[in-house]
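What follows is a pair of complexes built around subunit A, which joins subunit B in one and subunit C in the other.
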Partner chain A sequence: MSQLEPFLAFSAEVTAFPIVELQGTGQAESYLQTVEDIVGTQRLDRLLVLYQSLPLATREDIRQARADRLRRDIFGSDELGPIARNIIKLWYSGTWYELPSAWTEAYGPAPQDVTFVVAPSSYVEGLLWTAIGAHPAGAKAPGYASWQWPPHIPPFAGDPAATPR
Partner chain B sequence: MISSIKKTSLAEIKARLEQHPIEAVIVGTGISGAIIANELTKAGKNVLLLEAGPGTNLTLQGYNEFLSNFYGATSKDNQAPYPVNPNASMPRSTNLRKLQPGETDSATYMVQSGPYVTDTNYTRVYGGTTMHWEAKTPRMLPEDFKSQTLFGQGVDWPLGYDDLEEFYQVAEREIGVSADVEDQSYLGVTFPKDYVYPMKGLPLSYLDQQVAKRLDGTEVELYGQRYPLKIRPFPQGRNGIPNDKYDRGQGYVPVGAVSNHQIEIGERCQGNTNCVPICPVQARYHSGKTLAKAFQRATGSIHLLVQAVASRVVIDPVSGRVTALEVKVYKDPKSSEHETVTIAATIFVLASNAIETPRLMLASGLRSSSGLIGRNLMDHSYLLSWATMPEICGTMRGTSVTGGIIDLRGGAFRRHQAAFSVDIHNDGWGWAVGSPYSDLTTLVDQYNLFGPELRRGLINRISSQLLLAFMIEVMPSESNRVTVDPQYTDQLGNMRPVVSFTVPEYTMRGAAYAREFARTVFARVGAADQSRYDPGDYGYVAYNGQGYAIRGGNHLAGTHVMGNDRNRSVVDTNQRSWDHPNLYLVGGGSMPTIGTANVTLTLAALCYRSARSMLDQLQ
Partner chain C sequence: MDSSDITTLEELKSYLYSAMQLEHATLPPYLVALYSIKPGTNLDATQIIRVVAVEEMLHLTFAANLLNAIGGEPDLTVPGFVPNFPTYLPDGEQEFLVHLAPFSRQTIENFLQIERPSLAPSGVNKLVARREHGPFLHLGTHPRQTTMRYYSIGDFYKAIEDGLVYLEGEAQKQGKTIFTGDAGRQITSQYYYSGGGHLHPVTDLATAVTAIRLVIEQGEGQTATIYDSQKELAHYYRFDQLIHGRYYRSGDAIEHPTGEPVSVDWDAAYPVKTDVKLADIPAGSELHQAAAAFNQAYARFLAEITEAYNGKPHKLMEAVAHMFEFRNAMTVLIRNPLPGSNGLYAGPTFEVSPEAAGAPQAGAESLEVVA
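The block that comes next holds the complex of A and B.
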């Protein structure tokens, strides 16, 4: 069964970019593939199943409970945390970062686990650039003299600066 | 633009050599070699260009491959676009490490014999180092040419600003400089009445403006004199809006991308923030643009041999004249297989930069009767200071640098300490700590942020970055030098350059003041200082109880110094060797001092001047 859907759902929540935008980068399949190739399908499955079992966030108090569970069960897991963090970094920069050596010692070996840029296009599609209202150095140039104006930082759901909690 | 640049095969060159004697052999296709080639072909001379690199970027496809290499590279350092080539290697900053006293590190192509480890670099590909230069093009100040007389520091040039002024204009035309005379007339720099730059100045970035708003009009005091501060735009060798007043109203037509077939890109700078290491649209000047003109005009009298590494200069011991150049022509960068050919010509021009030119001379056993070949190596020392602005400034947009502070490029304080020019980096803390990637890993891995908190955290942290890069003057010192040593060779058996360098005390005094100055600027703009220098950094220099991470400036100079006295210089004011009358050593190596100007505009001006002398000699 394709893990694309839950992978995108998880990615959207942890990157704070909506699924359509993630799909718009054209990188979803290759990122999923990258993660599966490196840490194994089963381990990723476990992460995604855990993710799907989190309480749905409809009310503010449940939202908090969900974030706490996400933090405790996934990001706080010795085994799954580094993978979750790597998925965020993949989306933001197009780069797979080598997992911490403690992870490899406990759960390795993962022979393909080295720092690399998934593809030239994944660098260009990194979310980092969109998030800060810039563009990847060397691509998607914004146009002559655009740099003299203030940046357009796109608004996003849940922005703590917009909705102080 | 259409052009007919093409490589010529070794077999063709050999066949031609028998029928048409070559008038000038030029080693290197960087800006120095390109200017000389273009000037000589204008006068109908028969020219052979030798390039150590493979020349794959002659085509747009090849150029774009460099770009794709860059996108796909994990380390986005200066040399990331350029494939490793053991037959024509180049220095690379990612492989450096700190040296213990007395230690030599030969793990990188440019052997570091210390004590200071420099991450300065250059590119050995078609187009030379202009393939990845940043293209700031300030002129030297008139006072820079007389630093011994005025400040008791360094040496005076055998030429003055007025001697070079007309050649500065020619170089500005060729490079296609965007700037406004009003902004560039300072500290004695003058322009002829009615002069305008080819293109209008590039506007200051929003970040520059946020700094200017709080800093402009303030002053600093140094040795009893006050210096007013102002953020100004730098002149840039990248396409902006042509100035229709140029050339007494004739205007200027920018040169776009060049290739060996017609293409339609590369007019105006689009703000790719990637001038270093490679401009995707060729808005920024590279010497392929100059060579394209030469090839277009003079098909038949200019030839290019790539994968051709000049390996020995052969001299007639009686007359001192160069009789030939020995060149190793390799088939494949991966293999050392090569053929050695001997090329004769009327004049020989070494334009292979201030490290490779002395390296070749020394490897040929030619030390110059002055003993100065390879000595007086200069390069600007950079000190970085970085901080967080009090608000979002849109960092990571625009050309690498649009504005900075030039008010301390000149002044009476130069009796005591080095001058500097300050860049405001539009690419944030990238140079200092690897932003924005390091910000991402810090916030995700260390701060444990995800979701909206992460996204907001990245915005706040990256978009408010301010980095000041101080480009500090370095005066000549004979012990700072390039040498060769038979125990260090490359895949073709050519001796590699060995660099010994100590950052002079005069420069360190400037660095210490630069650090103080940065604090003052941060205080005035309300920025939070984040700078720190790690004692384990390869460029760490201790001075007066403080430590500073000093970076190389990529502005190599001094190693075949020009002068009026053949016992105290290697070349004359035409960059012609005193010892070898048909040999020219051109480029930054000829510069006696470098002041606080990025060297390329000045070395280009010198090349235009020298081309006249070459033509006289070839009459």
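The block that comes next holds the complex of A and C.
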């Protein structure tokens, strides 16, 4: 079964971008494939199953409990934490970053684990450009003289300065 | 006088409004096809469609300059200015529907129909009774006799050119001119850059005729040659290259391009649902919000363009920057699967209502009202 749906749900929570925006990059399938190819389907499945078992954040106190569990069980895990962080970096920069050597020593080998840009379009579609209200150099030209206007920084989930979406 | 002739200034103004509507109406179909192409694929097709779309924007601006030159007031916010797709276009005796659809052979064939060069043969009436009377907008309809439409878009533009010449001739006989518009309302290259040709101000008959001929030559091709007087390929032949898989080069015969091969991958496009509407997208979903937000942004853009065309040409710069922003919003919609559609994708719906332009974010449902 495709892991795309839970992969997108996890990605949306950890990048603070809605799923519509993630799909809108056109990179979702290739990022999922990248992670599966490098760390293995089973390891990614474990991360996503763990993620799906987190308490649903319907109330403020549960929201905190959920955030704590996310931090402790996934980001705090020696095995899954570096993968989770790499997924965030993938979305933001379109680049897979080589995992820490401690990870490879403990859980390797991972022969394809080198730093690389997933595809020419993944650089262009990096969320970092949207997050800072800029555009990737050489692509998505914003129009002559647009630099004279302030950048549009999108509101994101949990941003105290932003109005709720 | 033929009933297809323009004999008053007010008529000429309504024709030029229709011309703006017509030029604009080609943009949503071209842009949906363009942005449906998967990134990194179909580079030739991307370039071809993009260039044609940019030239349509130039034509829209020329139509606005023409209207301003004769004292008109271009208004892209009039309810119904943006068609509720699909929309009808004339093609000789037949009429056909133009759709919002993804890049495909069928879509490019639809674009060829839009740009097909054709003028009513001599002896055939330039005005034809409309056949279809569905709910959709008919472009090329006679502005006054709304049951009649022009045989072709080429004939429609020819009527405008003849009308300009006739009305200015009549005015000159009385020592007057029809070109009484404020020259400060003209959009010039100072405000409009890399837009598929040089944008000149329209201030007299000579500049008006040059403008209208550029629109005709780049667009409908009207003459039986592949290249126009600027040595550029007319739109029909640009698209034709995708069907033939080969570029035209100087000296080629019509339908027989012999230049470099054009590689086309018809499958490398997001299968956007044809003529997708907001109502097709689950209400309350993030996707629905994004589609409604796009329509609002598009309505605001039309209002900004209208402002630029009405004495504030410098506003065009800001509008163009917003255009690039909603280009990104279009690609986001096109790359999102449409729930419950058996594998089709969403897309911009271009359902623009006057309320949408100024409406706050809440009340997205009301945006479904189509002007």
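The criterion applied here is as follows: the second predicted complex is superposed on the first by the 162 of 165 C-alpha atoms of A that agree within 3 Å, B and C clash if a C-alpha of one lies under 4 Å from a C-alpha of the other, contacts with A are read in each partner's own complex, and residues count from 1 in each chain.
By definition in this document, a contact is a pair of C-beta atoms (placed from the backbone, for glycine too) under 8 Å apart; a residue touches a chain by one contact, two chains touch by 3 or more.
No experiment lies behind these values; they were computed from the predicted model shown.
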Subunit C versus subunit B on the shared subunit A, clash or fit after superposition: fit
Touch count on subunit A, higher of subunit B and subunit C: B
Contacts of A:149 with subunit B and subunit C, given as first, second, both or neither: both
Partner chain in contact with A:75 - subunit B first, subunit C second, else both or neither: first
Contacts of A:93 with subunit B and subunit C, given as first, second, both or neither: first
Inter-centroid angle subunit B-subunit A-subunit C after superposition on A [Cα, multiple of 10°]: 70
First (subunit B), second (subunit C), both or neither touched by A:23: second
Partner chain in contact with A:38 - subunit B first, subunit C second, else both or neither: neither
Partner chain in contact with A:47 - subunit B first, subunit C second, else both or neither: neither
Which of subunit B and subunit C A:138 touches, first, second, both or neither: first
Touching partner for A:124 - first (subunit B), second (subunit C), both, neither: both
Overlay on chain A, subunit C to subunit B nearest C-alpha distance, Å: 5
Set of subunit A residues, in rising order, touched by both subunit B and subunit C: 119-121, 124, 141-146, 149
Partner subunit B, residues of subunit A touching it in the complex: 13-17, 67, 70-71, 75, 84-85, 88-89, 92-93, 95, 97, 115-117, 119-121, 123-124, 128-129, 131-135, 137-139, 141-151, 153, 156-161
Touch list for subunit C against partner subunit A, complex: 38-40, 193, 270, 286-287, 289-290, 317-318, 320-321, 323-325, 328, 331-333, 335-337
Touching residues (chain side subunit A, partner subunit C) in the complex: 18-21, 23-26, 119-121, 124-125, 140-146, 149, 152
Of all residues in subunit B, those that touch subunit A in their complex: 67-68, 70-74, 76, 202-206, 209, 240-241, 268-274, 278, 280-281, 392-399, 402, 426-427, 436-437, 440-441, 444-445, 448, 450-456, 458-460, 462-463
